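Down below is the structure, laid out as structure tokens.
Chain lettering (A, B, C and D) follows the sequence in which the chains are written, and residue indices restart at 1 in each chain.
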Amino acid sequence: MNLLVLMIALPLLTAFLLSSINRISTLAARWIGPLVLLATAVIGLSVWPQLGAAPLALQWGGFQAPLGITLYADQFALLFALAMTIGTLLLWPRSAENQLRSSSLALLLAGTGSGLALSGDLFNIYVFYELMTVVSYGLIAGRGTSGSFASTLRYLVISGFGAALALAGIALVYQATGTLNLAQLAQLAPEKLNNLQGFAAFVLMLIGFGVKAELFPVNMWVPEVYATASSRVSALLAGVVSKLALLIIMRLLILVFHQPEALTVLLVLGILGVASGELAAWRARDLNRMLAFSSIGQLGVMFIALSIPGNAGIFAALAVMVHHLFLKPSMFLLAERWGGSIEKLAGAARTSPIAAALFVLLALSLIGVPPLPGFWAKLLVIMPMLALDQPLYYLAVFVMLAAASLEANYLFRVVMKLYDKQPAATSHKVHATADLATALFLGGGLIAAVFMLVPLADRLDSIAAQATDVSTYIQTVAPQQLQSGRVQ
Amino acid sequence: MTALDTLLLISAITVGVALLAGNWRVGGWLVTILYALQGAALLMMSGLGYSTLTVVQSSFSIEVLSEQLLWRFDALSWFFALITIGAGLFSSWFASGEWGERYRDNGGSLRLFHGALALNVFTMLVLLASGDLLTLFIGWELVSWASFLIMALAGGKAFGYAMRYISYAFAGAMALLGGLLLIYAEVGSFDFQSLKEAAPQMQASTLWLLVVLLTSGFGVKMAILPFHLWQAKAYAQTPGPGAAFLGAISSRMGLFAFIVVVVQLIGISRLVEMEIPFTFLDAQDLLAWIAVFTIIIPTYIALRQHDARRLLAWHGVGQTGYMLLGIVIANDLGSAGGLMHVFNYASYQAMLFMVVVAVIHRTGTSDLNKLGGLFTRMPLSYLAMLIGIIGLAGLPPMNGFVSKWLIYRSLIVDGSPLLFLGAVIGTLGTILSVYKLIHNIFLGQLRVEHVAVREAPLSMVIPMMALAVIVFVTGYFPGLVLDWTSAVQASIGIPVLAHHLGGVSMKGGLDMIWIVSVLLIGFGFGTLVFFLGGRSRRVHQLDNYAGGHFLTAETRYHYSDNFYPGLMHLIGPWYRNSFEWLERGVISAVDTLSTAMQGLYRNAHPSYLLLAAVVFALSWVIV
Amino acid sequence: MDILDINIILYSAAFGLMLIGIGGIVISNHLIRIIFGIALLEAGANLLLLLSTYHEGASAPIIVDGSVPAMMADPVPQALVLTAIVIGVGILALALSLAIRVQRAYGTLDMREVRLKLEQEISENAGIEMPSSSHAPAVTTANSAAAQQESGS
Amino acid sequence: MRRFTAALFLLGLGVMIAAIYQHMDFSNTAVNAGQAINAVAAEETGAANFVTSVVLAYRGIDTLLELTILFTAAMIGGMVLGRRRVDAPRDPDAGFILRTGADLLFPLLLVVGLYIILHGHLTPGGGFQGGVILASAFFLPLLARPGSSINQDVISIVEGLAGATFIIIGLLAMFDGKEFLTPLLDKGELGALISAGTLPILYLAVGIKVGSELAGLLAHLAEAEALD
């Protein structure tokens, strides 16, 4: 028995019961959500050190893998499960009219996100992914404006399309191997999935799950959704949820799909993502969409990092992901009150100096100015790529560096506006204290990272090493060998 | 704690004090004293400047990504640090008195100004102390952003120029990062020594890529062609002494890094081996020609400016060409000249900016068409500017002459008459434009609105005078500076120039003590004749004739607008703003791409792209 | 390979459904049709999943009166498909309710017009001019002046 | 133009799929997790219907999640569609046949639905299928009498409680020292109505949940015309 499943079960249970609780006491209904998340975060943190030594595999319902569904917890998965839980806690949606529903949705998001990170079964991942998608529809549409409905619907179309393709990919995998357990797939993959069928399955799943991870050609929903959803929701989606989708792709790459072609596809799409996102952001004239486009660019960098073969790629991707995990939500929180035209921001630093300073810090880290963590993350991505000495990777480095200069340009255009000495005609809104405090907390994390660079890098390296250790994964889950032949 | 630790610590403290106490009445003085202390800490390491010490390590070092990050000073760093701290000291001194009060009264934040200045000095020291390629890049970025900060202080228009600067600088930094990481991929280490050992074995193609990346990266900061557009306007908009500081040393950091990586580690001899296909040029020639065009074009752009600060700033761009030229030639004469020019240029450029700022302080304008005749009102400033422009034009007896002489001489020794010709054309433009500067500000007739103008306050005059003394003394005894440059030459592996206190010891060498003494004697004799001859008569400043017409005191006549019309008629058509066009072209290309991408993301049918992606990905494997 | 091989027929049905669904999504402009396209695509994918361990002649995996059939079908895909269908139903319902709201707000279900209206709304909220779109001619000053006159009169 | 290229892409995709199909291997379909489940399911879960074993036991968490998806979709549907306007015009009354038919069918549907749910572990059927029938039982009167409406608050509580039951049964296993969602209680005799431990209870929760959610969702959609 392990308490880890409570990270998934408790939020779901609370979400189910929330409307009943509301009948009894509205106060309780308001507070139980955050409290439950706090509890699950504590559970996750208490398990954390124990996973450093050896990862943990649990079987839902106690059935032997691969018959039942496996929950596989290593620090890699737990890191993102915790990020999801704590992220939701920090970015707890606050909407006046739909408080009950958005609380349930937030709880569901936290529970599913954790489950998605911890799941060790292909179809289970799909179900978690779908649930997370549905929850995010709810969060986006929860704004209640006609724009949010329209963008949700458009998001739903592309996401539904992708999910169905991913399902077809899963069908192909099951057809070839007869199992859905990732550990067993890892055993069988070199023999059974290293062919056209396996590659087709990978492409289908990559594009299906890539929708949420803002993979290049399937990320057209990003700007409109982030522009219409509330900033807290955008922060959650761009900051945390996209990373979870990425995590699935990472898991699949590490365990199941080892084709070099898979890496090339990732690399090409990553390059296109960086180029298109940063270029589009350059002309964006409102902060929300600028951040949306730039997040496409940064996710592109993560895909490029993933395409580096071996441990180095996973390490680099992990570093970029963790950096982005802190940075993007913070930026979106600042955009909460600064949304809208950038022109109108002129002189906003005067009314909210702390927020403006924080924005400068975040911008500097985002474009990778040493010694801020963004620089080291970028370094980790570029260094192994140059060592590979292949034209496509050189191109990727070039695109990344060029994109960084574009990024510097457009982000500092915003900074310049903030510090403009002629204030705009309209008065500036001051950030809500809770928003600013959360953003500061995340920004503070970045600064703290500067001083803990070495232990942090070591920690991430060991997490990456644990994540890439396929044999430990198989041993920990220990799926029983499938009997060949038919039953009776 | 080593001397370097002390230096960096004091410098960091200076930043803190500046940010904390900058707005106090004594804040500026406090900071100035701290700069002096930095100078003292630097002198503790003066062995570096005289080859008695080779390296001073910092005890601070961290290990990141299994790379040991080191900071240390050698002769080169020491030489540049000396100039940096000197520039910081004088600029801060200049800013501490009346200028600062005025700045504060006009709504500026002195705290920010002093803080930014101190931060610039600190980051530059960190850069100069870099002990490997990674720390070099870190220092590089810090310096870039610190200069950005001080440039943007003025707000308004300055924002635009600072933005342009940071766009250039960050793109350059990214090229640099690419280059450094390429070295890492080739060499497997960020260590200086490993690169030095690996450079001779590198393939020509890799080396070309490296040289292009690194030179572009460093070149942006140096503002060599074609990256020169940002500098002049950005410097000119920097508040007062900040411009003096930036003009004196900031863009020299590019040169420093260039010397460290390209000259010292990769080696000029490798550049010579790199032939450009289908021409008889090699990479060294290419750099030398870039340097020459960097001398000529900005200098003649400066000629057209009618704002004193812009004129000076454009010269800053042009003079970089001399330094780069000397260093790229890389013989004993050239490199000594290039290095010495860094020092000399810093001394008179800071002084000239200070004079202009003092003039602005008193008259409120730096527009060359709205000034004139201030000689009678601000004689000390006039003297400082006179000394400065003699130095800038490279005429004896000032120090600028020595460094330029060395560079010219090296070109002749090297057998490059065309380069020599280019450099001389540049000097010609310099002389013309500095005359325009001093004439339009100080000579001619005083304008009515400037009758009440007084000499600049002492807090401004003293730093100017001190710099003037430096300019003259190092012109008189160039051996003082040549000692340091020789130490640098020894440490970066270039033949050491044989020199003595008065100049260069070689056949047809230079002895400034002799030259200047002769000049002084001649000058003294002339003065004697002038006063004893009794032929001279003092006239009023407005008592002038022009074109045969007697002008009354009511009709002012000061020839300042449309300077050098004949020359301009001759060379006017050559001003084509080609680089502005180039810049605009790049921007509009990015803009077009950006619009296209935005169009992509405004696609009505996102699913269509999903399908296309699936089909392409599948077909890539199947077909 | 025999053209009437049962695998070929079944798989063509699955892939055919998927292709029809994708066609509906990609080619159609009407949102309701697009949503049905997704439903069809899902049906195809479900069928594919179900076929993944299809065996001719296998019986349902149910023990009736204690007798175990000779060859039982794989129960896993059946359970998976059950799950997938329910998920599909949920999403379909959600999509339809969103479509109702969108239709009410924008008065259209044409994907292109919805996109245009959405862009307009976003730009208006952000207080910026709407970037020119490839789908609609930019409003020229003459046009807008004429429109103003019309509304004024 | 877009349609044309899209059609081309579709054609291309068809060709790709054909190529993939060519490479697919149909020989080893017997070696899979499902057959292993077939071998042990009767023993491990005690349910005669192995699909039910998979749905509720082996892949119980999937089922919990799909319930959650349904729950979420219904909730979001309610949120998106909003509440009925007070002054909204009512639909015209249904005819006599529909009203009487609905009255007659209601108990019948209820019984059939519950039957299917409770026999889910023995025969084809189960919580989902039965749940849908239950939903139609409650939805039919709504069609017959447009004036009446389902109390959405009650539905949200019922569905919440039903979902919670599922999780709580899972949690009970944890108190027992077993993994989450492990089937409890006596497995009983294979094929008997009361057998397979907690599986029928889980299916009942699923049925009620699916029924209430679908009913709520349908009611919402039916009223969509009158929403604000």
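The definition used in the following text is that a contact is a pair of C-beta atoms (placed from the backbone, for glycine too) under 8 Å apart; a residue touches a chain by one contact, two chains touch by 3 or more.
Being a predicted model, the structure only gives us computed values, none of them experimental.
Engineer: Can you check which chain pair, A-B or B-D, has more C-beta pairs in contact?
Structural biologist: A-B
Engineer: In terms of CA centres, which chain lies closest to the overall middle?
Structural biologist: A
Engineer: Taking the mean of the CA coordinates per chain, how far is chain A from chain B in Å?
Structural biologist: Each chain reduced to its C-alpha mean, chain A and chain B end up 46 Å apart.
Engineer: Taking each chain's centre as the mean position of its Cα atoms, how many Å separate chain B from chain D?
Structural biologist: For chain B versus chain D, the centre distance works out to 75 Å.
Engineer: Chain A to chain C: how many Å between their CA centres?
Structural biologist: The separation of the two C-alpha centroids amounts to 25 Å.
Engineer: Quick one: report the Å distance separating chain C from chain D, using the average Cα coordinate of each chain.
Structural biologist: Between these chains, centre-to-centre, one finds 21 Å.
Engineer: By the touch rule stated above, which residues of chain D touch at least two different other chains?
Structural biologist: 6, 9-10, 13, 16, 19-20, 29-30, 32-35, 37-38, 58-59, 62, 65-66, 69, 72-73, 76, 80 - these are the residues of chain D that touch more than one other chain.
Engineer: Quick check on chain A: which residues sit in contact with 2+ other chains?
Structural biologist: 123, 127, 130, 134, 137, 141, 149, 154, 157, 161, 165, 172, 174-175, 178, 180, 196, 200, 486-487
Engineer: So which stretches of chain B touch two or more other chains?
Structural biologist: 598, 605, 607-608, 611-612, 614, 618, 622
Engineer: Which part of chain B faces chain A closely enough to touch in the complex?
Structural biologist: 62-65, 137-138, 141-142, 145, 152, 155-156, 159, 162-163, 166-167, 170-171, 174-175, 177-178, 181-182, 184-185, 590-591, 593-598, 600-601, 603, 606-607, 609-610, 612-614, 617-618, 620-622
Engineer: Within the complex, which stretch of chain A touches chain C?
Structural biologist: Answer in residue numbers: 123, 127, 130, 134, 137, 141, 145-147, 149-154, 156-157, 160-161, 164-165, 167-168, 170-172, 174-175, 178, 180, 224, 227-228, 285-286, 288-289, 339-341, 343-344, 486-488.
Engineer: Write out the stretch or stretches of chain A touching chain D in their complex.
Structural biologist: 1, 5, 9, 12-13, 15-20, 23, 58-63, 66-69, 98, 101, 104-105, 108, 112, 115, 123-124, 127-128, 130-131, 134-135, 137-138, 141-142, 149, 172, 174-181, 195-197, 200, 480, 482-487
Engineer: Please output the residues of chain D touching chain A within their complex, sorted ascending.
Structural biologist: Residues 16, 19-20, 23-25, 28-40, 44, 57-62, 64-66, 68-69, 71-73, 75-76, 78-80, 153, 156-157, 159-161, 163-164, 167-168, 170-171, 173-174, 177-183 of chain D touch chain A in their complex.
Engineer: Report the residues of chain B in contact with chain C in the complex, numbered from low to high.
Structural biologist: It comes out as residues 598-599, 602, 604-605, 607-608, 611.
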